[in-house]
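The two complexes that follow have subunit A in common; it is paired with subunit B in the first and with subunit C in the second.
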Partner chain A sequence: MATAVMTTLDPNSRSAARGMSDLTIRNLFIIPTIIFLIVFNIFPLLYSLGYSFTDFRASSPAPASFVGLQNYRELLNDPFIWSNFAITAKYVIVSVVGQVIVGFGVALLLNRDIPLKGLLTTLLLLPMMLSMAVVGLFWKLLYDPSFGIINYTLGLGSFEWLSNPDMALYAVAITDIWMWSPFVMLLSLAGLSAVPKHLYEAAAIDRAGSFYTFFRITLPLVAPILMIAIIFRTMEAFKTFDLAYILTSQPTTEVISIRLYKMAFQEWQTGRSCALAYIVLIMILAITNIYVKYLNKVKER
Partner chain B sequence: MRKTMTSVLAGIAMTLASGTAAYSQELTIFWAEWDPANYLQELVNLYEAETGVKVTVETTPWSDFQTKAFTEFNAKGSAYDMVVGDSQWIGAASEAGHYVDLTDFFNKHNLKEVMAPATVKYYAEYPSNSGKYWSIPAEGDAVGWSYRKDWFEDPKEKEAFKAKYGYDLDVPKDFKALRDIAEFFHRPDEKRYGVAIYTDNSYDALVMGVENAIFSFGGELGDYATYKVDGIINSEQNVKALEAYKELYSFTPPGWAKSFFIEDNQAITENLAAMSMNYFAFFPALINEASNPNAKVTGFFANPPGPNGDQFAALGGQGISVISYSQNQEEAMKFLEWFIKDETQKKWAELGGYTASAKVLESPEFQNATPYNKAFYETMFKVKDFWATPEYAELLIQMNQRVYPYITGNQGTAKEVLDSLAADWNATFKKYNRVK
Partner chain C sequence: MAHIQLKNISKTFGNHTALTGLNLDIADGEFFVLLGETGAGKTTTLRMIAGLEKPSEGQVFIDGVDVANWGAAERDVALVLQQYSLYPRYTVRENLEFPLKPKIRRLPDAEIKDRVDRAARTLRIEHLLDRKTDRLSGGEMQRVSIGRAIVRKPRVFLMDEPLSALDAKLREALRTELKNLQMQLGATFLFVTHDQIEAMSMGDKVGVLNHGRIVQTGTPYEIYNNPRDTYVASFVGSPPMNLIDGKLVDGRAVMAPLNFELPFAGGAKTGAATDGRPLVFGIRPEDVYLETGAPVEARIHDVENHGVEKILTLRVGDAMLRATVPARTDVEIEQPVRFAWNPDKVVLFDKGSGISLRHAG
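Then we have the complex of A and B:
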């Protein structure tokens, strides 16, 4: 079955000369990857599932004892954890919506014949290529109430972006939007350029307004690829750690991954943090599933 | 010929001997990345010159120190022979068997008398009053204050202060005066602010700052022997202390909600605040004109007493411990014997380290060496520390979770915050079977 889907080996190739079959080559490429995945992903995943039912602490030589669902029960009853989830949800919504609006908007602007389009697109992609930690440190300086350039340019005086508990999460989200809108823009641009031109021509002949053209032609056709961008960004935003950790330490910006990090590596509650990691994993899976269902529906249209 | 042969053989033997010796004669000490670690490297270079044993001080940034050290301990790694570990770690590290028991060493050298009592109590002994010792007090440290002498001594300011508050503007004699002075100098229009305090909640900064108020107001965090917290952490003094700390926060420069030692020193170097809280370990940078343009006009004082005259300060600092998984434990013990000698401790202080040796601390030589050594000496005999139980990190995070929103975000009242904290701590101690 597996061999049936593969293309035949070029009889003049070196591999063929060595007498390697298609199957051998496939195994040569795939088996190391599978082993790597099993050792570094699947095994720890299952192992930590086991730990999540114990009171194991990596910092202590005491043997782990089985506590059943206690970790899950206590975590789900902890108001602080729920507030962490609420913060994360708020962050995901603000940051992903922002990225889609900015990214898709810029893509629409770029999707026409303008001079230096290639250069412009490349330059716009730069933020995405920086390291999260570097972006965090730079934006911390930009936001500084005493000498930050943002307050200076906007004339906000000494407005406290990061130490104001109500503003800090938005400040982190703005940074994330700055950094990741280019990603949405790139995917949207690919989607936009794939929309057949004749549809627009037909719409023009029918004297359709630009509003109508956008909602009836552009958006439905770009939707599948935009959905993929949204799925990726939602998963990433849900896992955000670096930006929020570096920029501020407000309790109002303690997203779930920061709480998880503290639980695992500062408090060394290994068993309980495994349980929390599983809760987060299940949530991400559930959200992604909803998206994928929706994506399939969009594709069917 | 025979003579040549003998000398060649002797040479080979010597080389072999020194070769094998050099193999084992290397020690690694792990510490956080800050100035005292550089001073320690200078100190241990002297040990190498004396004995030929090469000692390296390896460092990592503070934010990463705890995680990196415990990851290595948990993996039973032998990368480090000794660690200058934070005072709160002692419970976790000793109960888990990461540290070598130094009780015999301690008693043999009578270190209980040699080192300042508070440093023995908080850096070395665990559980409290058990007579079991796990580290040698190495870097004494506590929270103190720096202030702008030129602002304080300005005659116009003095006059205005006296007119407003009815007493002379001087180094604060108590928390009330600290508050008044902070309020007096708090002038946002002139971009001058009253006071710089610790507020960062990512590790122990905010808690240390709050402790300064709590301890001086006569409060305690709990009973460290019985783990009783109810009625102690939420006592009346503590409520007042927390309110006082919150009030100080209103006199800080803008954006002061994630501040630790770097920001607090900047408050002095950048002309932001009249007074600034910081660990003594960071004061050398304030008398250095290269790092502080106001070096000549910067003064220092110990944490002032509270309303009832109690005067304490939050302890920082670290003891040096031998790691159980080290393969050079014997060599490490020899190093410690050298480290506790009076001459070494004196040299340590000269290099910039904060010795815990009572003899050196008491010497006028030490006390007059810098503008802040006297305040340091006074403070080191009245310090108190956070919980040192293995679950200290959970207690710390719970305290941050409760106190931070109150101090920086106006959430709840001091009483509510401390009542909730008492409940959190009680639940944690129950979880670890410390209380029934």
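Then we have the complex of A and C:
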């Protein structure tokens, strides 16, 4: 009974005067959202699933013909696609690990009584609020070999961050770390401030050193919320497109979504790109599921 | 095992003064109870001894050494808190092992196991050792937290109202257990509570704290029978001591606004109790008795039946007096009765300062 859980409408309210029931009001709020979801999410999702079994090309008027699992078979046997996945995996690991280390570290530094703590936290959150494209363009300037401020401050001369095939992926990851560490920091800070103070006092009385306290008390208690941050960041990093696309166009930085984009909108292999998109989706779902399982285990402990 | 001394301790938090000029002396192996109302400064005192709080003024000595610059770890004290402070996500065994495992003081595994098992046996929590702490009841959690204190063999045990979150039955049981434990270990205990029954039943010595000052220290017997002032008299004992305004006339107690008289025998330093001086008479409810032909008439205002005894509220004029009488006493509300008191047990307090005439002149 859906109506049973809802609170009753205040009989004196304006809505009640217009003769609307609780149910009407609920529908008024929910139906637009549902329509929106169906039109923009669920319909394209199913439609592209259909295309992934065809050789459809959006650029040609030829009708799509059903090819069965051919797209999937070819994609999964394509060594180039696998190298794209390898690049993506490397990128995800570097960037997420970096974000967790930097974000959690800064959170630990901020989790004490320091002057201007609120202002400092807010300022540190700024990178997260910028648009990806803007960040990409800025960092392109910062990385510039001839006049970029990074080489200037680090005294690296004309070190080529973005056009060096071995360095470019790390350069993109560094930018991502800069941008999204604040997110990890914010969640970690919430987790850290939820650790009861009396536990630290008890540990001090029990003569535990600071490392021991950190690994035995702080970390286990913050772990669940840190896991959530890691899940979010992994999913996002896996899907990264804008930063890598704007910063550089090295073959070593061709993460899976760039490959997907090229396949769909430069090579116009619409059917095949739909299949690739589904493979990516399934991979993300699988990874997230592993994390969620682990998260539940961490929480249970 | 240690001897603790607090000398002239004051503590302020911003504008709020928590403690003023506190002096305490806790002998080695003593069970000392700090008794006071909420906000009297008991916990602050405890935290200062533990090293979690620094005194604004004054010194803390442990075994004669000024420990001002020692952290909590160096002081080697154990603290049991009201909210248990068990480490979440660990089993009872892991919690008990916690203080023994830090690398710097790491004990051999056999020794750790031995100590944990012994503590578990003492506190009767052996069957819980492999359970997670969030699956324990309040009493079990408090035992574990006491266990974590005793595995370490600290110099002093500090306990901050460890029993007040438990239900009455359990509180009684743990009270006895704690007292036995202390005797068994021969350790110095400082126990903080707002519950005067705990204080009276457990303490070798009791210190009564009121608004950041120690009002009286002494054995429970002294505190109960010879309270230093009207605050202690009304705080300790359940029901509390009766306090009635009056003065002395020719060696008899005359209640000033109430107009009744009772005999009175000593109970003050000679010369202090002069005729006509405004006084407060204190008498414990158990020293008030009903008797036909007793000097004062009263009416029964209320009867509380406690099984072994009845607590009567007597009304004289518009003043109320409590009397503890045997349960078999047959009385009814509004029944007129006559009562007297035990003249030897009367305590005199100065009306102005509230201080007992036995303690001050």
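Heads up, the rule we're going with is that the second predicted complex is superposed on the first by the 299 of 301 C-alpha atoms of A that agree within 3 Å, B and C clash if a C-alpha of one lies under 4 Å from a C-alpha of the other, contacts with A are read in each partner's own complex, and residues count from 1 in each chain.
Simple rule for what comes next: contacts are C-beta pairs under 8 Å (C-beta built on N, C-alpha and C of every residue); 3 or more make two chains touch, one makes a residue touch a chain.
Remember, it's a predicted structure, so these values are computed and weren't measured experimentally.
Undergrad: Both complexes share subunit A, so when I overlay them there, do subunit B and subunit C fit or clash?
TA: Aligned on subunit A, subunit B and subunit C fit with no clash.
Undergrad: Quick one: name whichever of subunit B and subunit C touches more residues of subunit A.
TA: Higher number of touched subunit A residues: B.
Undergrad: Who does A:Glu160 touch here: subunit B (first), subunit C (second), both, or neither?
TA: Touch partner of A:Glu160: subunit B, not subunit C.
Undergrad: Once chain A of both complexes is superposed, is A:Gln250 in touch with subunit B (first), subunit C (second), both, or neither?
TA: In the superposition, A:Gln250 contacts subunit B only.
Undergrad: Name the contact category of A:Trp268: first (subunit B only), second (subunit C only), both, or neither.
TA: It touches subunit B, and subunit C stays clear.
Undergrad: In the superposed arrangement, does A:Pro145 touch subunit B (first), subunit C (second), both or neither?
TA: Only subunit B is touched by A:Pro145; subunit C is not.
Undergrad: With subunit A as the corner point, what is the angle to subunit B and subunit C based on their C-alpha centres after superposing, as a multiple of 10 degrees?
TA: Once the two structures are overlaid, it is 160 degrees.
Undergrad: Touching A:Tyr212, do we find subunit B (first), subunit C (second), both, or neither?
TA: second
Undergrad: Mind working out whether A:Ser13 is in touch with subunit B, subunit C, both or neither, as first, second, both or neither?
TA: In the superposition, A:Ser13 contacts neither subunit B nor subunit C.
Undergrad: Could you grab the smallest C-alpha gap between subunit B and subunit C in the overlay, to the nearest Å?
TA: 50
Undergrad: Residue overlap on subunit A between the subunit B contact set and the subunit C contact set?
TA: Shared contact residues on subunit A: none.
Undergrad: Per the contact definition, I'd like the list of subunit A residues that touch subunit B in the complex.
TA: My answer: residues 58-61, 80, 144-146, 158, 160, 162-165, 248-252, 262, 265-269.
Undergrad: For the complex, which residues does subunit C have touching subunit A?
TA: For subunit C paired with subunit A, touching residues are 50-52, 71-73, 76-79, 81, 83, 85, 87-89, 98-99, 101-105, 148, 152.
Undergrad: Touching subunit A in the complex: which residues of subunit B?
TA: Listed in rising order, the residues of subunit B that touch subunit A are 66-67, 70-71, 73-74, 92, 95-97, 188, 191, 200-203, 253-258, 390-391, 393-394, 397, 401, 404-405, 408-409.
Undergrad: Please name which positions on subunit A make contact with subunit C in the complex.
TA: 196, 198-199, 201-209, 212, 216-217, 220-221, 301
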